[in-house]
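Below are the structure tokens for one structure; questions will follow.
Going by the order they are written in, the chains are A, B, C, D and E; count residues from 1 in each one.
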């Protein structure tokens, strides 16, 4: 079957159609028509994914469906021949990702159709939204299906562009556009890093004798990569370093930019000024999902790169912790959720770091479900109370929006990892257990402690959201009439319902064996996700199931969730005074957290301000104007002017007598020279 | 196997624009003589110019592409007419993979420039059209010439129209800018002439007509420069100038035009002051000739010093990329911003050229075309904006997506192309160049990549400040969006950018053989032991080692 | 000291002295003109000593005429009074001094290097034979020269008329 | 004497027809009488004179052409010891004679506008040219001297011809003082050379120089100073810009193209026939002079604000570039020099002709600012100006391009790349100097001009200059009928010294 | 025939005159005096020619010499010198009419 190519092609074609309508013909379709086109295309992709999936798990199938469209870039001869195949590979990992992306993608698009219809902030901008969303989804699908590193990089860049435009959808608000632009520019660092990662592997393989396109070949060549070395720069101490390590470090840089991991996490918390549907896409299945997918895809590379793996784990855990803490203090509900995303993705990278890529994928799935769900739900809430996003101006909304309240609850329980029937619960379980049993990591104990604290803080922050918004006393703005508050329209409700179902049902695909053994009687291969993905990933870490201590870590994880959730309820609903006291006690911390640890300004200060200062003050006004232009253009002109206009000109006195004198002087020289020459 | 005349399409290409211009002049004179009018009406000039340039493009696209054999190395579709045989000057034109797409780009840009400047030129329109046509002929001559004298002639014939175009139609400081431009061009020409003459002197057998043909001319006209293995390092002995010296003459000549970074000061000025349409031509085609010259002359004629100095020049290119990108980041004027970006891009091209490696060289050729189309599209868009608002200052804009959505979308696409995003052909070029730069170590490659990050930074920032955000400036509120003429001009440029970005195969397939041929020539002439014969130089009496010409220069390996 | 030596010394004295008068006479152009005639007389004598009495004679005639004309012109233009030119500035004096030194160096070098190379030569049979030769040459080999000299004189006539003749109006 | 009977009179035709033409002009002028009061009569008067001058010059040029085609490559067997009409002489006559014809017709209207005496003017012009023709075929220093004097004396008069004008008078004065000084130097130099070997014919001079006699060396030094002054070769150039600025514009054209060009050709003749071949000493001298000329001329050209002066300074540089061929020697270089002389000559005549055309009603146009806006008011003239300046700057599709190309190629072929580099550096500066004029023509707006109607003769001459410039720019190897070589090769062959 | 004595003395005399003439040209500012000095230089040249002509008179015969001997040259130079003086005088008179002065240093309107 070669229909795999249509999975990314359908949304991309939709994007192209929208783009032509807007950008060339200047026609805007209504939200309903434009949405229908996009939803149709994504749903078609979903359908194709399902068909392909069926084919993949069917009895006669091979381990992947490869759809080779052609060669994209073919260049060079011999061992350094570069072949970039436009080739799609529907293997288990890609299958999971496709289903997830198209599934959650269609749901969120349906939601957006409902959400955007009443939006009066942008006149006739709906089609633009669907154009960007189609592009984003198409690019993401291409990314997960790409069977070539370079193609993946291309898709990765495209995801970055689509994210930029989607997050900057409300382009007339300068602050939003600014945040989106920052996200994009940071992403370009990641793109560059990926190109670098590819380049080092390419040359390592070319020197070793052969470079072949495709991830399968790359995976087979991983011993070569581990054996080949590069030199560290001198200022990093020198010495050889395996190519795998270098490549993984570069990949990690790309991951950090795209997934908003520390220290490049600031943009994620700020880029919330977009329609909720866009946030759902960005925060669940596309932008922040791509890094996890990439790390999983390259798990064979990480398996050979202990340093980079450890760095990934530490990056993940610190981000998880910091993100969770920051989200505890935020007032803007969307900002809470955004920081929580960073935190959740951080968990996944812990899994990558400890060599449990399946757990990372499962965490991604869980995150997609429950974060999508709560974003939609809170979007509905916000829409209901007149676009008010301040948690302290909500309260008791659950009594009016009772259908929404169910969805919020399901999401909260999953995120807080508090209920053993939710996807989130099992995902966290797996990560904590995997990290717990892998004691080879440097700073293992601290890492585990941070991980568990992060879990706790996550639970706290998410419960805080539900407590402040749906319970307690109402504090809604006076402009909103309480009586008219009601649940959103059917499109939104149904999409939320779908995600809620997935949040619950998703648990079934990735339940750890030991939990399955506990909960059910005899299920073989309970973690079907893990088994399904096994051909696609390389799990460096040992299987945690049978190991001693697995249960203790599992228990701790469950406990920590509850330990985080309950105090939140208690504090925010029962003891507001105590809350205020605590807040004032740790005012410095609270203020810091409220400002997102100043991570976003730090990015500006670290990356942009120095560049501008260097460029503006030193180069443009210093080097360029003074040295280069001064020397080459003005300088040469001045030299010529002074030569000609100065002393050379003063020799032309106009006096015939002096001309004769000059002639005689020259003649004297001529005479001396000729006499001298004639003598010998 | 000497090439024979393989058709006249290239001559038509070169002759059509200038011929049209001359015909128009003659008709105008006739008109003047018969009816006493001041010349032909301007609209006839404009239409005839548009028609002729379009025809040239069609001729190029159909005539060349149809007969161009991607598998063949060396110049194709050659036409050879002895012109001044005693001087070794022949009318010898041909096209190969390196020049093919630059030729197509050139022919494509001229009708677009005509269209884009439809409303921008309000005086001396006849001169404008006339100069444009001469410019096109000159540019095509440079790209197609296979004889160094012809090349030099066309090279010089190129900058004169540009001088007038800048000086007559430019901005406030146009005269100064035009003068600077002409000085730089003259200096470059001087270096080039020294180098070309020396090359032919060192290659030719004493007493015979000087060797000026690059490729092998038909039988009876001696070997081509590339057939005669002359510039052996041994030649450097004595007072005769050696190849290193020559190489630097070439590098200086072409580096001034490219412009390589310490010699770049004229470009932002020229691009900032020239009329926007001409700016597009200068940036898109004019300065490409520098890089083309490096590929055509500096590398194959001086392989040894090229290999020896390639790391240093690559280093210079990288410094240039970073430097230009950083300065671009603080520009306040759109035209100058594009100019600085251009310098950075050309730095990337030079980096690719001096990778001396098939990826980098091919990437450079591709990036040249890609940059040409992108920069032209950008300048056309800037021109449309300037036409409406009268300024290119970035602060004057903001929020244009609201009144001019088509403009914003097209600008956004151009900006993406400028950043080297995938799905634009610029990615293919930049990617392969960067890839090849990694072959000399990750540090080099990563530094080169830093330039692309900076480019993303300032382009995204610029796009935000021009197209996004609130419409703060009241003058921007009522701006009229691009009309169909303007849209088409940009879209026509974007289409190949995207098409070849997605499907670069046809380009690569045609470029790569020529690049391989270039590398082969370099290797042959660098490594093969050369048959050397001693003889007395008549006028000095010193002994020189010269390479005998009648020996087949096949490598003996 | 032979008679030749004596005659030469006299000629040299006349010519150098006259030349010094031309160059250095400061009072009135009259002195310079007389100096020129004296110098030319010396030169004429020297020519005669060298066996070219005709040339010497012609020189004397021409120079006398020239001196006369110059004198007349001078008198007509500025009268007998001395040249009332402003004093030279210091820098002009320096330049003049330097160029005079250069002249001395130039001619001195020629003397030092050239005089030893002057061929001894042979005495001519007699002066009349020389004059005959001269005539033969002028109407033989050197006829073109003679013609050219004629045209040079024509130029002088046309030129002087064109430059000096008063316009009719 | 038997010599007279065997004389080949036909060899004298070029010089004689010019000289006799001068007499004829004088006679016609006298016969026609004064016609100052009637403009039309004056015009007719001037026309007659120019026609007769032209007839004389055309017969010179044609006879030169006949000599050239009849066997230019082989030198004539000299009947008279010091007169030789060889190929170089014939070519020189054709070149300078053609320039002379152009100058004649460029002067016609101008003389009338300035109320100058056309009869004397043309007579002097013709006499000067006859001197040049004489010197071209000299094989003897005396004849060379006489020719140079006959060339220069009328030029002094012509430079001061507009006698009522202070600047013209000053030009004449400077021209005369330096010229007379040069004559004295020439004479004495000849004397010293004569003293070295007792011979004044070129082979004798060559022998004397080759013998290394200090007398000969000193004589050559003085001789070079003298000819250098005549030709305005740097560093003996200083009079040239002053004279060319001050002289009436048509005389400027005459001096800069005919007089200095002829002097250069005479120097070429001396070098080819009279100097030892391949002597590094003279090479070094000429190289130094050439480099000085290029540097000084091009730098000074940049800062000029008077077009005539600019052209003169640039001419110093152009002479320097041409002089490079003396520095390398060889027929190729000399041929290239001749070609460059042709190219530069026509272009210079063109530019100065434009000045003459633009001058209206006695108002001289010579400040560079006067060109402002001409591109708008008189586009054809502006285009022609640009063409001529392009030729001077050595830009393509003009003769100047190929001239510079060939010249530099011949120098490179001799292995003197450093000289080429200097020449090109100078030419860059020259481009700057020249391009200031098109800048004004097209890029600046001017106050309203009263546009004078260009006279037919001037326009015709300009068109001829342009046609030659363009034709040689496209077909630099255009040939004479009956010659199989290209022009460049032909010129090179003409300069081969018959040893 | 006997040796012609002291030809080198004649040459030396001519050189001295030549030098004095040059110095006069350089030193004097009166145009007429400059003309006289130029005349001196020409005379020096003529004298040198006469002297050298005598030196080579019997050594190089007139055919191989190509005709002219020193005296012919001297005669021609005499004519040229005379013509020069005439032309020069005309220019000087014109200059005096224009400027009212014979100072060569005042003719400096054109320079640079």
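Following the convention adopted for this analysis, a contact is a pair of C-beta atoms (placed from the backbone, for glycine too) under 8 Å apart; a residue touches a chain by one contact, two chains touch by 3 or more.
Because the structure is a prediction, the values reported are computed rather than measured.
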**Asked** Which is the least count of steps on a path of touching chains running from subunit A to subunit E?
**Response** 1
**Co-neighbours of subunit E and subunit C - touch as defined** = A, D
**Prompt:** Relative to the centroid of every protein C-alpha atom displayed, which chain's own C-alpha centroid is closest?
**Reply:** B
**Complete:** By Cα centroid distance, the chain farthest from subunit D is A
**Prompt:** Which chain pair racks up the highest number of C-beta contacts?
**Reply:** C-E
**Asked** Measuring centre to centre, with centres taken as mean CA positions, what chain is farthest from subunit E?
**Response** A
**Prompt:** Per the centroid of Cα atoms for each chain, what is the distance between subunit D and subunit E, given in Å?
**Reply:** 26
**Asked** How many Å are there between the centre of subunit A and the centre of subunit D, using C-alpha atoms for each centre?
**Response** 78
**Prompt:** Taking each chain's centre as the mean of its CA atoms, how far is subunit A from subunit C in angstrom?
**Reply:** 102
**Message:** Counting only Cα atoms for the centres, state how far subunit B is from subunit D in Å.
**Reply:** 41
**Fill in**
Note: subunit D residues in touch with at least two other chains are 80-82, 142, 146, 149, 153, 156-157, 160, 163, 172-174, 177, 181, 192, 195, 198, 213-214, 217-218, 241-242, 303
**Prompt:** Considering subunit C alone, which of its residues make contact with at least two other chains?
**Reply:** 96, 99, 103, 106, 109-110, 113-114, 116, 118-119, 140-142, 145, 148-149, 152, 155-156, 159, 161-163
**Request:** Two or more other chains in contact with one residue: find those residues in subunit A.
**Result:** 649, 652, 654, 656-657, 660-661, 664, 667, 671, 675
**Asked** Every touching chain pair, please?
**Response** A-B, A-C, A-D, A-E, B-D, C-D, C-E, D-E
**Fill in**
In the complex, subunit B touches subunit D at residues 84-87, 124, 127, 149, 152-154, 156-157, 160, 163-164, 167-168, 174-175, 178-179, 182-183, 186-187, 190-191, 193-194, 197-198, 200-201, 210, 239-241, 537, 539-540
**Fill in**
In their shared complex, subunit C is touched by residues of subunit A numbered 657-658, 660-661, 664-665, 667-668, 671-672, 675
**Fill in**
The answer for subunit C against subunit D in the complex is residues 109-110, 113-114, 116-119, 136, 139-145, 148-149, 151-152, 154-156, 158-159, 161-163, 168-169
**subunit C residues touching subunit A - in the complex, by the definition given at the top** = 95-96, 98-99, 102-103, 105-106, 109-110, 113
**Request:** Can you check the complex and tell me which residues of subunit C touch subunit E?
**Result:** 2, 4-5, 8, 11-12, 15-16, 19-20, 22-23, 29, 32-33, 35-36, 39-40, 43, 46-47, 49-52, 54-55, 58-59, 62-63, 65-67, 69-70, 73-74, 77-78, 83, 85-86, 88, 92, 96, 99-100, 103-104, 106-107, 110-111, 114-116, 118-125, 130, 133-134, 137-138, 140-142, 145-146, 148-149, 152-153, 155-157, 159-164
